Amino acid sequence: MTLPSLTPLTSEPVHAPSGPPLLEASGITVRFGGVTAVKNISLAVRPGEILGLIGPNGAGKTTLFNALTGFVRASEGRVTFDGRDITHAQPQVRAKMGMARTFQVERPFEDLSVLENVLVAAFLKHRGRAAENHAYDVLERVGLADRAAQPASQLNLARRRRLELAKALALEPRVLFLDESIAGLNPPGQQEMVALIRTLAQSGLGIVMVEHIMHVIMSLSDHVICMAFGELLAEGDPHDVAAHPDVIRAYLGDDHD
Amino acid sequence: MTASVTPARPRALTFGNVWISLALIAVMAVYPLLFGKSMNFGVSTLIFAGLAMSWNLLGGWAGQTSLGHAALLGIGAYTMTILATPERVPAFLGGPLAPWWGALIGMALAALLALVWGSLTFRLRGSYFTLSTIAVALVIRLVAINSDWTGGSEGLFMPELPRFLGLDLFDRQAEYWLAFAFVILTLIITHAVRRSRLGYALQAVREDEDGARALGIDPTRMKVIAFVISAVLTALGGSLYAIYLQAFEPHTLLELPISVQIALMAIIGGRGSIQGPAIGAILLAVFGEVFRTVFANANLLIYGVLILAVTLYAPDGITGLFTRGGRKLGTAR
Amino acid sequence: MTRTVSRSLLSLAAALSLASSASAQGTLKIGAVTSLSGRFATFGQMQQAGFRVAIEELNAKGGVNGQKLELLLEDDASDTNKALTAAEKLVNQKVPVVIGAYASGITKPLSQYMSRAKVPLIVATAVDETITKPGNAYTFRVNNQSSVYTRSLIDQLRKLAGLKTAVVLTSNDAFGKSVMTDVTKLLPAAGYTLLGKDTYDQGLTDFRPILNRYKAQNPDVVIFASYEQDAVALTKQVKEVGLNPRVMAGIATGFALPDFLKGSADAGENFLVTMVWNQDVRYPGAQNLYTRLKKALGGEEPSQHAAQSYAAMLAAADAVRRAGSADPEKVRAALTTTNLSTAFGPVTFRTYGGYQNQNSVVGLITQVQKGKFVTVFPASASRGKIILRR
Amino acid sequence: MDSAQLTAFTQTLAQGLLTGGLYALIGTGLSLIFGVMKVINFAHGDFLAIGMFITLALFRAFHLDPYLSLLVAAPVGFALGYAIQRFVLARLGDRLSEASMLATLGLGLIISNTLLLTFGAQPQNINVPYAIQTVQLGGVQLSIPLIVAGLGTLASIGGLNYLLYRTELGRAIRATAQNPLGAELQGVKTTNIQAIVFGLGVAFAAIAGVLLMPLLYAFPTVGENYTTKAFIVTVLGGLGNLPGAVVGGLVLGGIESLGAFYISNNYRDAYGLVAFLLVLLLKPEGLFGKTVKRV
């Protein structure tokens, strides 16, 4: 298998998002008993737009992520997708409408092969041999075609990440939620994943990314939201947010602490 | 990133290991020639092999261990027999129904029960579901014992039945081939599920429900579908069993040990493989017969030891021993 | 693993395959199916004793048609499927007649199979009405149908003056159900008003709520029909809650077990217990049979089931002798003209009152007097008088 | 007339609660095992049968009073349970909760059939003078063995509570129940704890067996019905919730007793089963249990 060519990390945004927002969330609040994990966060994603979600550990990024994808009930606020209210829709309903997600901790179906893992997703919109061919196409896009027959349990971290992505892509989503799919990969792995995300956005997919690696967020996102302790800290163009004093303090702590 | 040549695409969507099924069918076809005189043993073994296969659609594929399938067996048996008995058939049907119509109606009732029962209880995880199946089956047993239209605790006798495709339903040879067809039907359906969207969805749900929901799969709906198919086939098996017994009562047909026997056959045979339950049923029937004659009083003791041994040393059941790479079908985590 | 599987397949083939035909090998084989293990093991062992004592007696008198008798006893492990497989094995071994099984639930499918296999089946213990009503041409029953117990009790109650009210509690199996139907139909005709009637499920051990209700109703007569293992618990709880009717009656099964006397101790005193045989019954040879059965059971007290099985074996041998051959069809014909007197009582298979090939057995009523079953009814067989509790 | 009805009611309720006490004792054993190891012990009733047969054997051999044989049956039950978990069930490793159903079904068959081969099949029973004596408690007539059974239940459950909440071992057990990994990290040998817990569960079943012996026949398959009753009780109270099991037992005893007295005995088991199903569907964590993650 030839090593993919290294694509230099350019700093300009990938692709100007176009058309009305696909996914809109307004005033999302999530409370577990007395604890408010997410407080009054609003965001919108347009086709082709990459929305970066950053913030120190425990800022509530993943909780927000799970609320948007239906794995956690939002205590307040409203989420619409393509104009339809999906605030309390089950994850499987959202998947059918065109929302797909990866999990921070990979959860492949251990006993199924790589191809079969993707096939489960491909069956959403395809039947029989067509589903299998679609699954193969997706595997080729993420560079796992050669490992199709291998049980998912035998994949290394990078390939498990790619499998997560492949399963999400096989749903042919219109909005893709990536939960730290780049963290922990070696540099070449990161390069490939960034390149892949770039081409996905160019093909018109709306992407919401939770990520810690700053230069990846900076080079990919059209719009960034920074959260701390469950609340919105700063929002806007990646570079402005990166320069924002509160964001720096949240990440690096005060110089006179 | 495009690979130079499209690598050969090994197919995942296969019918699974068809060779074992063909071998199994061959063995079942040869049996009457070798043991032509031992048809009772043959018919009851095949019926229970089919029942274990039917149970496995829910127990193995969907990972929901049921200990209440005797109730579904009973619905198949009772419905067909009641509708075939002149004095018991409801008046508006105007006369007794032929057994095949009765069996179909029994299958429909079992499907309805599975639909309601499943959608109520599949919200429950693992052992809760198993406990609910015990309770529902015991309630159905109490209804059968205490109501007259089911013959109460005296049960029912099989009335004279019309010929089915020219076959005398009470001739053991005919019953053998009907049971043979029943096992083949369950094999075909299991192979089809193995290759279908339902099959993969069930395996996904069994491995990781949340992971499956993220891929657009509704776990409860999938489990209910598996339960309905399992119930329909079990009811069909119940109708065959009623014809074989020709007389049955709640205390023999609807007891917990029958549900446990069906489940054990599938689990000991191996829930992981397609043919495991049928193989398990046949082996247990053979061991049961050998122990019955050889060990007399101690045969149930040896049976218990066998069950414990399989659990400890053959986690994937007997077939799991042979197919080391056999897929591990644990219960829903 | 595969080696052990093939070896057991071989031993199965041996077990299922044809043993030599019954008559060729010099002994006349009589088939029998009962529960030597599982839930009904107690009664299976009683039947085994009865069969063995009969075979010894017959072989001592030179066997049948010059051949010694051999018992082919199969254990059905209290399981219907195993009983059918066992019966088929016996049919394949060309036995002229099969005796069994113990429980009604197993005997009914067995009788259907035997009539299809055209080999006569003699039932010795199962009491379900439907076995001989309508029954079939190949099924003969030595023991009584359950209604005999109830009718003989009600005939006796009819004679007792000054008793007006009654309650009945039965198990919810076929036996209990038929007792319940007979009691609710016949008791009013005998001048009683039925104050309460309940059934209970297997495994229940706490009867106090029902007994409390009966105590409040203060009936003259209380009638029980129980699962085998519940008779003692029920009797003890009657004493415990202080239910003290003028007549207490227990119908067969658990009450007719010798263990009932030991188990209930004085709580069972002057209970009326219906059965069809008792060691003190005035039938010729009854005492002698009792001692032989007791020896065969290794000192355990024999129940009526042992005597019934003994009589069934005698009837089978007698039919084969009169048929002059081991051909099942001839033996079946001979059975219809059976007229035998045994220590269990007379054995004739008649068709009457909707029953077919049913032996009409005289229902005995015994009373527990000073810890022993004393036959008090009918007069011809009785050894003592009924004592009313108050 | 109403005072007679009142005494009948109190008598039926009292007897129901005492029988319910035995259900609670059996259910507590099962719930303890499930709480700590997520194992449903399908042989629980057979362990009860062992308790009964130990009492029978001691009574037959040494004419030992049944309640004295508690001192033998409880430790033997504990040792048996400990050995089974330590040397048999523990070998299932992480498949314990999945495969435990099958393993304990096999165990149940082994136990009931060993009893059949050693003690024979006929129902046996012991005659102790107090078996049918009763005592008057405020117009309510209660049998002595039933009262002793109630007291035995209170003592056992009290002892268990003391052990769980007042002792070092108890803390280790509760830690293992909540988070086996966490407990292991704190130096708790969980395999040992699990064996002790299984031993305690079996000891409880054996104690119930001893207390039942004066009231009932013992026969090899007597355990079967008590296993189902134990299931109902534990689910009513919430699987793994010990106080819940006690209340679940009393509730079941009461429902069955009053149902039989006022409605009819034909559907007696159905009352318990229906209550069981309702709780399972509406509140799987049981009437008093902690919330269970529902799909």
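Order as written gives the chain letters A, B, C and D; numbering starts at 1 within each chain.
To be clear about the criterion, a residue touches a chain if its C-beta (ideal position, glycine included) is under 8 Å from a C-beta of that chain, and two chains touch if they have at least 3 such contacts.
Source: prediction; values computed, not measured.
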Where the contacts of subunit B and subunit C overlap, which chains show up? D
Greatest centre-to-centre gap (Cα means) from subunit D is with chain A
Would you mind checking which chain's mean C-alpha position lies nearest the centre of all protein C-alpha atoms? B
Round to the nearest whole Å and give the separation of the Cα centres of subunit A and subunit D. 51
Euclidean distance of C-alpha centroids - subunit A vs subunit B, Å: 43
Distance-wise, how many Å sit between the C-alpha centres of subunit B and subunit D, to the nearest whole number? 32
Can you check how far apart subunit C and subunit D are, centre to centre, with Cα atoms defining each centre and the answer in Å? 35
Among subunit D residues, those touching two or more other chains are 113, 116, 224, 228, 266, 269
Residues of subunit C touching at least two other chains: 37, 41, 172, 199, 201-202
Give the residues of subunit B that touch two or more other chains, as numbers and ranges in rising order. 142, 146, 297-298, 300
Please give all chain pairs that are in touch with each other. A-B, B-C, B-D, C-D
Can you check the complex and tell me which residues of subunit B touch subunit D? 65, 120-128, 130-132, 134-136, 138-139, 142, 146, 209, 219-220, 256, 260, 264, 267-268, 297-298, 300-301, 303-312, 315, 330-331
State the interface residues of subunit D toward subunit C in the complex, per the touch definition above. 4, 8, 11-12, 15-16, 19, 113, 116, 120-125, 127, 131-132, 134, 141, 143, 212, 215-217, 219-222, 224-225, 228, 256-258, 260-261, 264-266, 268-269
Spell out the residues on subunit D that touch subunit B in their complex, using ranges where they run on. 34, 38, 40, 88, 91-92, 95, 97-99, 101-103, 105-110, 112-114, 116-117, 224, 228, 231-232, 235, 239, 266-267, 269-270, 273-274, 276-277, 280-281, 284, 292-295
For a test of understanding, state which residues of subunit B touch subunit C in their complex under the given definition. 34-35, 37-41, 44, 48, 142, 145-146, 152-155, 157-158, 170, 172, 245-249, 251-252, 283, 286-290, 292-294, 296-300, 318, 321-322
In the complex of these two chains, what residues of subunit C are touching subunit D? 37, 39, 41-42, 44-45, 169, 172, 198-206, 208-210, 212-213, 216, 228-230, 232-233, 236-237, 239-242, 254, 257, 259, 262-263, 265, 267, 300
